[in-house]
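By letter and in written order, the chains are A, B, C and D; residue numbering begins at 1 in each of them.
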Amino acid sequence: MAMKTEPFVVNVGPQHPSTHGVFRMRLTLDGERITDVDMVVGYLHRSMEKLAEERTFTQNIPFTDRTDYVAAMTGNLAYVLAVEKLCGIEPPERAQWLRVIMSELQRFASHTIAVGIFANDCGAWHTPMMHMLREREKILDLFEMACGARLTTNYMRIGGVSRDIPPEFMPAAHALIAELPKRMGEYEGLLLENEIILTRSRGVGVLPADLAIASSVSGPILRGSGVAWDIRKADPYAAYDKVEFDICVGTNGDVYDRFLVRVAEMRQSIHILEQALDMIPAGPVAVQMPLAPRPPAGEAYSRIESPRGELGFYVVSDGGPAPYRFHIRSPSYINLTAFSDMVVGMTVADAVVILGSVDIVLGEVDR
Amino acid sequence: MSVDLEHYLIVGALLFGIGLYLALAKRNFVGVLMGIELMFNAVNLTFIAFSRFGDAAEPLTGHVFVVFVITVAAAEAAVALGLAVLVYRNRETIDVNRMNLLKW
Amino acid sequence: MEDTGTIVAFWLLAALTVGSALGVAAVRDLIRAVVLLITSFLGVAGLYITLSADFVAVAQVLIYAGAISVLILFAIMLTPLASRDNAETFLQVPGLLLAGLVAFTMGFVSLKTDWSVVERGGFEETAAEIGEALLSKYVLPFELASVLLLVAMLGSILLVRPEGSSAEE
Amino acid sequence: MPFDPSTGSGLRTGPFLAEWYDLRDLGNAVGAFLDWIRDQGAPDWVPYVVSGLIGVVAILLWVILSQLAFIWIERRVIGRMQARIGPNRVGPQGLLQPIADTIKLFLKEAITSRKADRALFWVGPVLIFLPALAVLAVIPFGRGMFLTDLNVGVLFVIAVASVNTVAVFVAGWASNNKFALLGAMRTVAMLISYELIQVLALLGVVVFAGSMRMGAVVDWQSDFNVWVLFLQPLAFISFIIASAVEIGRSPMDISEAESEIVAGYHTEYSGIKFGFFYAAEYIAAFAVCGIIVTLYLGGWTAWGLEQWVPGWLLFLGKLYLTFFLFIWTRGTLPRLRIDQLMAFAWKFLLPLALLNVVVTGAEVLIWREADLSAGVALPIFGVVNAGLAVALILGWATFMGHLRPERRAKRAVLTQELGAIYYTPPTGTDEAVRTGEA
């Protein structure tokens, strides 16, 4: 006969050190093993999609900074791509390349957070994270040079970018790109081959490829499950069709593979940046657009590969200055749906690590 | 005034009495067990006291005996608590009043 | 000097031991009873030290306060739906009487008997001699005790093992 | 008594200089003071009590000071390790930061939640202090500088530390908080397992030194001019790991795993009650480092250097170096999961520690029976044991399958082939470990 134990329900979050914001999960435990998980989201809901219907297309760009506040550039980009599709305009060449550069810098910065926090969730008492943040700071400095803000960049514009990069940007970026591979070597040595991280993350939170596809997860989680899928290759936007890079995939679909994919993607980002910094042409950075554009009536969906996965914006215009409908397909939210599949049967300690490997941003989950 | 054998023996007797009361009167199986452990302690204390004060050729025999008693007590505690868990698993109680069936 | 210390220590420790043992019988909450039981065990260990039985005292702390009490705590935690109170059965009054009688008799006997006490003084060092005794004169009981421990360990594992986890594992 | 180089025994037979101003043994000054009291015609018990009081006050004072130092060292060192500066605002180089922290903890409200068991909630922090402090009583800080040199000192250390378990459990239980209870249960299970490793590791030391008296172990090491570390590398490693568990240091800080169960058993504690846990952690770290130094690193001796440098300074130097080791691991390593930690204790360390005891016993027997001189025997034992330690660790790791290629680090697959699926189910080696525990 099985042991009769009280179902031990632990409420993790919304105030908890490793729920990455105000996510809440109710774990039903048998000893330390999780038998059921109940995910509660919405603590950070700001009604963004409804608010956006009251503002002009241009005014909505700052909102996209605040959905995924760890990767503002890609949020900007996905939204302006949708509006550009709606308006049928094509930004100039230099803007395309600037978008690639900013996206990849942002991807690197976002992955430093993801990997650092993941190591933190494994219990590495902040050291990897602080080192990662050191690199992120330098990237944020570059952002500050380009647009004056570090986090809420608000850099992309409908038809281009808000302003050209200053002359000191290029040398700084080149210096950073030259330094990053060395740092990456350090991280790979410290984290990838760390015996404890291996034990903690191998075989934990396995998401098989078929289940991953069926749950429509995207980004590093999908690739960690062994599916070679990347919007940058599948549906190239900006200037991604002109650069050379590889899709990084894992093989086992566990926490370790997601982590591995992120680290490899950081290397790929450096590779892309090296090319982009060389190939960027001179020229205008934006087409002339009215302050409050009125796109023709219609609908557009644009998607990009944000650091967290497929970030899509669905915008419907009725011909007015504000969108009629504004919807965000946020990768964090959809990736989170696979969480319960990964976590049941694991222990409390695993749940935290798995959540860290999903890399959610609550601003994006709750919008 | 000094501390003599009798003092220790009386402490031992009191401990034994309390342990006996616990073992007899407590409703919870774990409580009964605690009483038994207290009685063990009382006996050990007496052993050590006699070993210290008593007239014997090899006074440390008492210590050796206590070491054995502690060993046996540990074994006894492990088995008894295993039994408690087993009883709980079958009957969902460890109330000795309700362990009144010879089989279930 | 040293003797005064021993006397003071004895009275304090005896009060602690008996007092917390009484507490075990009196408190309502089982976990508190365990904590008091541990205090009592520690008091007994202190009494051993006043009897210059250092090895046994340390063994007492290690095994009673450190191990058996934790076993008891585990037993309490593993029986979560059982009541955690420390109530008595119908045997309370008879038990009280009997326990009182036994304690009184033993105390009376120990006071009235003329024990053949020797003034030896405390032991200098007990650990080495106990060890030698265990491995020479008492080697058979020693081995038997180790077998007993092994059997007890296996027995309790067997008892609490979840059923159905035998063959396929 | 003057130091006699031929026997090297000036160390034990008496202090080098028994003048009160000889700093190499602060016990001299105390002894002189006690003699002075006796000369004043005080009753017999006065020097007895006074000497005890001096010892207790000195230890407590030193513990408090050194705990503040520990906090500062740890925060600064970890700061360096984490590519940041660390506290540097309060006082020069942030030296007063621990004091500011203490004042803050004193001033904060100590909240007791309504459903907590009030009495036990109070008992927990007090009880956790006792073992940490009691251990300090038997540690020889220098020549003649100990509160009491119990002849079962080594056993005492283990025994007292086992009370820790109860304190942690009581704290976790009384909080009436699920995280606290989880943390407490984890800690209890963990401490019990690693206590065993500790005992087995110390057994090797005791077998070599032939005594459980801490002072005797130090003397043995100084007599033969060898630290037990070199004779017992395996035991040393096991003991370090077990100690890290006992004082709840990363990678074994499961009891208070911040990212999982908030703060473990002291989640509900605030204000000065939390301060007690915080302080007890550092005192325990101090005690454990002291034990490691005494038993494995030669205590206050260092190959004759103690004749010139005060032994207690050597002791403290070694102690801080040992503490640095713990800081280092904390700053570097992630945390293991509880079942992995338990499996590591039972499946990895325990067999090795048992083997170590057997080997040590055999070596001491050979030494005694073959009548070897220490100069021959000890180096041989040292080399043999070091080789054996490496061989056993590697061999056992191979046997347990930790070194198999599918368990090693790998790299992500790089591909250009869009839509391809590279998924292969995990091989299940770790999975076996996981379900085996369940």
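The definition used in the following text is that contacts are C-beta pairs under 8 Å (C-beta built on N, C-alpha and C of every residue); 3 or more make two chains touch, one makes a residue touch a chain.
Being a predicted model, the structure only gives us computed values, none of them experimental.
Of the two interfaces, B-C and C-D, the higher number of touching C-beta pairs belongs to B-C. Distance from each chain's C-alpha mean to the overall C-alpha mean is smallest for D. The mean-CA centres of chain B and chain C are about 6 angstrom from one another, to the nearest whole unit.
A straight line joining the Cα centres of chain C and chain D is 28 Å long. Distance from the chain A centre to the chain C centre is 60 Å, each centre being the mean of its Cα atoms. Averaged C-alpha coordinates put the centre of chain A at 63 Å from the centre of chain B.
Across the assembly, chain B contributes 92 as residues in contact with two or more other chains. Across the assembly, chain D contributes no residue that touches 2 or more other chains.
Listed for chain C are residues 55, 59, 67, 74, 81, each touching two or more other chains.
Against chain B, in their complex, chain C makes its touches with residues 3, 6-7, 10, 14, 17-18, 21-22, 24-25, 30, 33-34, 37, 40-41, 44, 47-48, 50-53, 55-56, 59-60, 63-64, 67-68, 71-72, 74-76, 78-79, 81-83, 85-92, 94-96, 98-100, 102-104, 106-107, 110-111, 115-118, 120, 122-123, 126, 129-130, 133-134, 138, 141, 145, 148-149, 151-153, 155-157, 159-160. By the touch criterion given at the top, residues 1-2, 4-5, 29, 31-32, 35, 38, 42, 54-55, 58-59, 61-62, 65-67, 69-70, 73-74, 77, 125, 127, 169 of chain C touch chain D in their complex. Of all residues in chain A, those touching chain D in their complex are 8-11, 16-18, 32-33, 119-127, 130-131, 134, 190, 192-194, 196-200, 202-204, 206, 208-209, 225-230, 233-234, 246-254, 257, 260-261, 263-264, 268, 347-350, 352. Every residue of chain D that touches chain A in the complex is listed here, in rising order: 78, 81-84, 178-179, 182, 186, 250-251, 253-254, 257-262, 330-340, 407-426, 428-431, 434, 438. Across the complex, chain B meets chain C through its residues 1-22, 24-28, 30-31, 33-34, 37-38, 41, 44-45, 48-49, 51-55, 58-61, 63-64, 66-68, 70-79, 81-86, 88, 92-97.
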